[in-house]
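Letters are used for the chains, namely A, B, C, D, E and F, taken in the order the chains are written, and counting of residues starts over at 1 for each.
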Amino acid sequence: MSDRDLTDGAFGSSGDFNHAGFTHLDPMGRARMVDVTPKEASHRRAMARAKVHMDPETASAVARGAITKGDVLAVARVAGIQGAKRTSDLIPLCHPLLIGAVTINFEIGESHIEIETQVDTVGRTGVEMEALTACSVAALTIYDMCKSIDKGMTIGDIALWEKTGGKSGPYRRAK
Amino acid sequence: MSDRDLTDGAFGSSGDFNHAGFTHLDPMGRARMVDVTPKEASHRRAMARAKVHMDPETASAVARGAITKGDVLAVARVAGIQGAKRTSDLIPLCHPLLIGAVTINFEIGESHIEIETQVDTVGRTGVEMEALTACSVAALTIYDMCKSIDKGMTIGDIALWEKTGGKSGPYRRAK
Amino acid sequence: MSDRDLTDGAFGSSGDFNHAGFTHLDPMGRARMVDVTPKEASHRRAMARAKVHMDPETASAVARGAITKGDVLAVARVAGIQGAKRTSDLIPLCHPLLIGAVTINFEIGESHIEIETQVDTVGRTGVEMEALTACSVAALTIYDMCKSIDKGMTIGDIALWEKTGGKSGPYRRAK
Amino acid sequence: MSDRDLTDGAFGSSGDFNHAGFTHLDPMGRARMVDVTPKEASHRRAMARAKVHMDPETASAVARGAITKGDVLAVARVAGIQGAKRTSDLIPLCHPLLIGAVTINFEIGESHIEIETQVDTVGRTGVEMEALTACSVAALTIYDMCKSIDKGMTIGDIALWEKTGGKSGPYRRAK
Amino acid sequence: MSDRDLTDGAFGSSGDFNHAGFTHLDPMGRARMVDVTPKEASHRRAMARAKVHMDPETASAVARGAITKGDVLAVARVAGIQGAKRTSDLIPLCHPLLIGAVTINFEIGESHIEIETQVDTVGRTGVEMEALTACSVAALTIYDMCKSIDKGMTIGDIALWEKTGGKSGPYRRAK
Amino acid sequence: MSDRDLTDGAFGSSGDFNHAGFTHLDPMGRARMVDVTPKEASHRRAMARAKVHMDPETASAVARGAITKGDVLAVARVAGIQGAKRTSDLIPLCHPLLIGAVTINFEIGESHIEIETQVDTVGRTGVEMEALTACSVAALTIYDMCKSIDKGMTIGDIALWEKTGGKSGPYRRAK
């Protein structure tokens, strides 16, 4: 058996899937973790943002807690940092990498909290998923901690804002 | 020492934090996992939604893959289900619970993919964080799998839509 | 939007998949974690076995170590027990449950090691996947610990031998 | 094969190990996760303490941070709570259980920080390992956050102070 | 105490264990994670296979699902990829490493499904355990998804087929 | 928004926190994972110790088990090695790294068991937290396995004894 190619009977041998540039899919449309071993390790950074929209009363209660000693944002910051470290465990086709730095900052608006995360690494693959995961987990933690007073919150505007390092060149979000 | 109360020197004994209804904070503003042991185990359900906004070309490439054999949404569905099971590991003050069912559905629009998750359990605490986490992880997975063709995607509208079971009565999002 | 059903545009509305009794797939062939919340919690048990085939020299080296103080099987036993506890984390559609007992035993043959695992729980779903996962992880650990002297080992005969509890009645493997 | 007992050739059939009351070892000295399925689920609580000994300068730097806005203890509290939830993942023969509440408090002394954890559950097994693990992880986190200014810290006095619930009756540490 | 060697009273000082080439055991038979720090990082690859034996009806139901839209193999593929990333978490003495690529393919036979996994990395240690773990987790997932229609399935023939990179030279399974 | 700095409204813009050399806190006292990407990867090692104090009867029961076939210390050794690999998952601001070697030894005294761990890596950051975590998890495992016969055990003297590699130079504990 070792001298023949296994063909994936499951998804046919037709190869008719136009995979349209999806690097995480092979020519037959099957998921794969794309090979990064030929890439050089280099310094990479990504910055992402998200917003948790909430009642003005909720936002100001978080702000009051922050000014005195409430832990909402401190807990969300720790959760986001740990979430960044679990990215490849959560996102099936993400490559594991050694995160070199994470910072998470918050800005409290009138009816939202904005989250900004930055992740750095020296590695073969970018850290945009790590920055976005940190945003998402921090946002979910804020939701969890405020949901007893405000169930209507929504999480939105999760987006990559900057990405540097790697061969594809820097990316900077227009708006 | 066993006969005296430890007072948290770290955050003072003043107790001056107005914790404003945050059940995850004690009267002094310190994080805690609120006690659910007095609650009765009962059937609970939550339903949440999210949207991944993308270029129309990206959405139709995902749709084409789905119609033929592309794995983007199948991978995102598995990731979302597994994400639901990790909720208490990701969100620091979330209680562990035994998820009894998870379903995740997708609807592809012209320039977005909508995600809908439903989670059921029999337990002492609600599953809204599990439904929201499933949405978030599925959305991040879609982002990951499409980012080679569209870096400008944003994830938004992550919100709880329904919640039933438990003493506080059903919740249904207005809009 | 809350008043309409999301239909999964990704996989069409045709529902033409004959799901052939696969409870982990919905009528349209999409993965789901089947709902166990209507089931009663009851005592359940499963017993599984596996074999690691190896050179006679390898088997007797393991046996010698076991008789004196080598840790191969002690390490494999711990790994198998911990593997059982991670089953729902590894197998995407497995329900989390609270394992109540795990025992793992080994028998060294002339050119194989046989593994037998038994898992018990009180819960809404069976523990056959936990017993099989414990077998698999214990077998992989034996492979890992012996591979420096024998790369040709194979793991086989991983099978469920007994299952009791639950509404479907007991299962006992014929041979 | 199904009709005979597997005997663990690895550790002999002699059964000569006097297991001396170790419930985690079978009569032949092999590790097992003891069967808790016959036990009734009941409310259980455990309280544990630990101390991180440090230079007076370190302790007062932590105290200053706590009074203003330093995150050392807030981070340690989150880490301890999350550590409690991972206990059965870390300690091989620990049973998984659903933690119902965790609280962690700190007291800053002249040259140490004392940690006190309390864990509650409704379940078939006690939560002393969860309380002790929460102490240990919180202590390690304090060490990690202060090690840039004080490498000589030691962690000690990790002990169970109280345990209630379960058939064996309450335990209260003498001193 | 710092100036003397700790001898492991637990397992005696006799060193009489003939460790027979087991690199994961020290001369006294105690488990250890062998030191790979002196090795050079290099490109490494491993390929493994496994078979899930099943009733012909089960195999053809999986095949039908795959041709239309059933998710059995897509779910197993994701599970296998994620399993590869957890290898060092599951196998106690495995070194953590950064997986650079994973591909998993399936071939459906008359009464079995064959799984083939390939894993690549640039690192100090081989990836055979990762390839074997991916096989095992994919096989367990197939079992889980088909067990409602076929409890008698067995998993077998889990074996390493190729290994390249590292100082020990390439390995290729004979048959 | 992309052209302005987010300031963390949560913790004020005052920057008045004297962070006193805590590298894990930014100038405003907020937790961060400090950036190690500018550092060179180099060989690093750490050695730590801990003691589990217990009744002489407990210590000699462990010793007896060790001499014959009891698994207390074998299980604790495996748990400690696996704990070392989870350090960055447990300690929020710890950097992930690729552990290259772990050894754990035990010495049984009259009324205690001493644990010694050594961890090696080639990386950008030290492994003292890994060595300390291995000690802690091994100690907790010993507690867990002996608690049925001795609830009064305490874990203490967890300390870093040696650390080499990295720019800050070697550290050796005085006593």
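The rule is simple: a contact is a pair of C-beta atoms (placed from the backbone, for glycine too) under 8 Å apart; a residue touches a chain by one contact, two chains touch by 3 or more.
These figures come from a predicted structure and were not determined experimentally.
Engineer: List every chain that touches both chain C and chain D.
Structural biologist: B, F
Engineer: Which chains sit in contact with both members of the pair chain A and chain E?
Structural biologist: Touches both chain A and chain E: B, F.
Engineer: Could you classify the chain A-chain B contact as same or different, where same means more than half of all interface residue numbers appear on both copies?
Structural biologist: At the contact between chain A and chain B, which are copies of one sequence, the residues are largely the same (over half shared).
Engineer: If you line up contacts by residue number, which pair in A-D, A-B or A-E shares over half of them with C-D? Let me know.
Structural biologist: It is A-E that reproduces the contact pattern of C-D.
Engineer: So the centre of each chain is just the mean of its C-alpha atoms; given that, what is the distance between chain B and chain E in Å?
Structural biologist: Here the centre of chain E sits 32 Å away from the centre of chain B.
Engineer: Could you state the distance in Å from the CA-based centre of chain D to that of chain F?
Structural biologist: Comparing mean C-alpha positions, chain F is 15 Å from chain D.
Engineer: In angstrom, rounded to a whole number, how far apart do the mean CA points of chain B and chain C lie?
Structural biologist: 28
Engineer: Among all residues of chain E, which ones touch two or more of the remaining chains?
Structural biologist: 11-12, 30-31, 71, 74-75, 77-79, 82, 86, 92-93, 98, 173
Engineer: Which two-chain combinations touch?
Structural biologist: Applying the touch rule to all chain pairs gives A-B, A-D, A-E, A-F, B-C, B-D, B-E, C-D, C-E, C-F, D-F, E-F.
Engineer: For the complex, which residues does chain B have touching chain E?
Structural biologist: By the definition above, chain B touches chain E via 71, 74-75, 77-79, 82.
Engineer: Would you mind writing out the residues of chain B in touch with chain C in their complex?
Structural biologist: Within the complex, chain B contacts chain C at residues 43, 49, 62-63, 66-67, 72-74, 77-78, 81-82, 85-86, 98-108, 113-114, 116, 120-122, 161-162, 172-173, 175.
Engineer: Give every residue of chain A touching chain B within the complex, in rising order.
Structural biologist: Touch list, chain A to chain B: 11-12, 16-25, 28-31, 50, 61, 64-65, 68-72, 74-75, 78-79, 82-83, 86, 90-94, 128-129, 132-133, 136-137, 139-141, 143-149, 151-160, 163, 171, 173-174.
Engineer: What residues of chain C sit close enough to touch chain B in their complex?
Structural biologist: 1-2, 6-12, 26, 30-37, 88-89, 92-93, 95-98, 123-124
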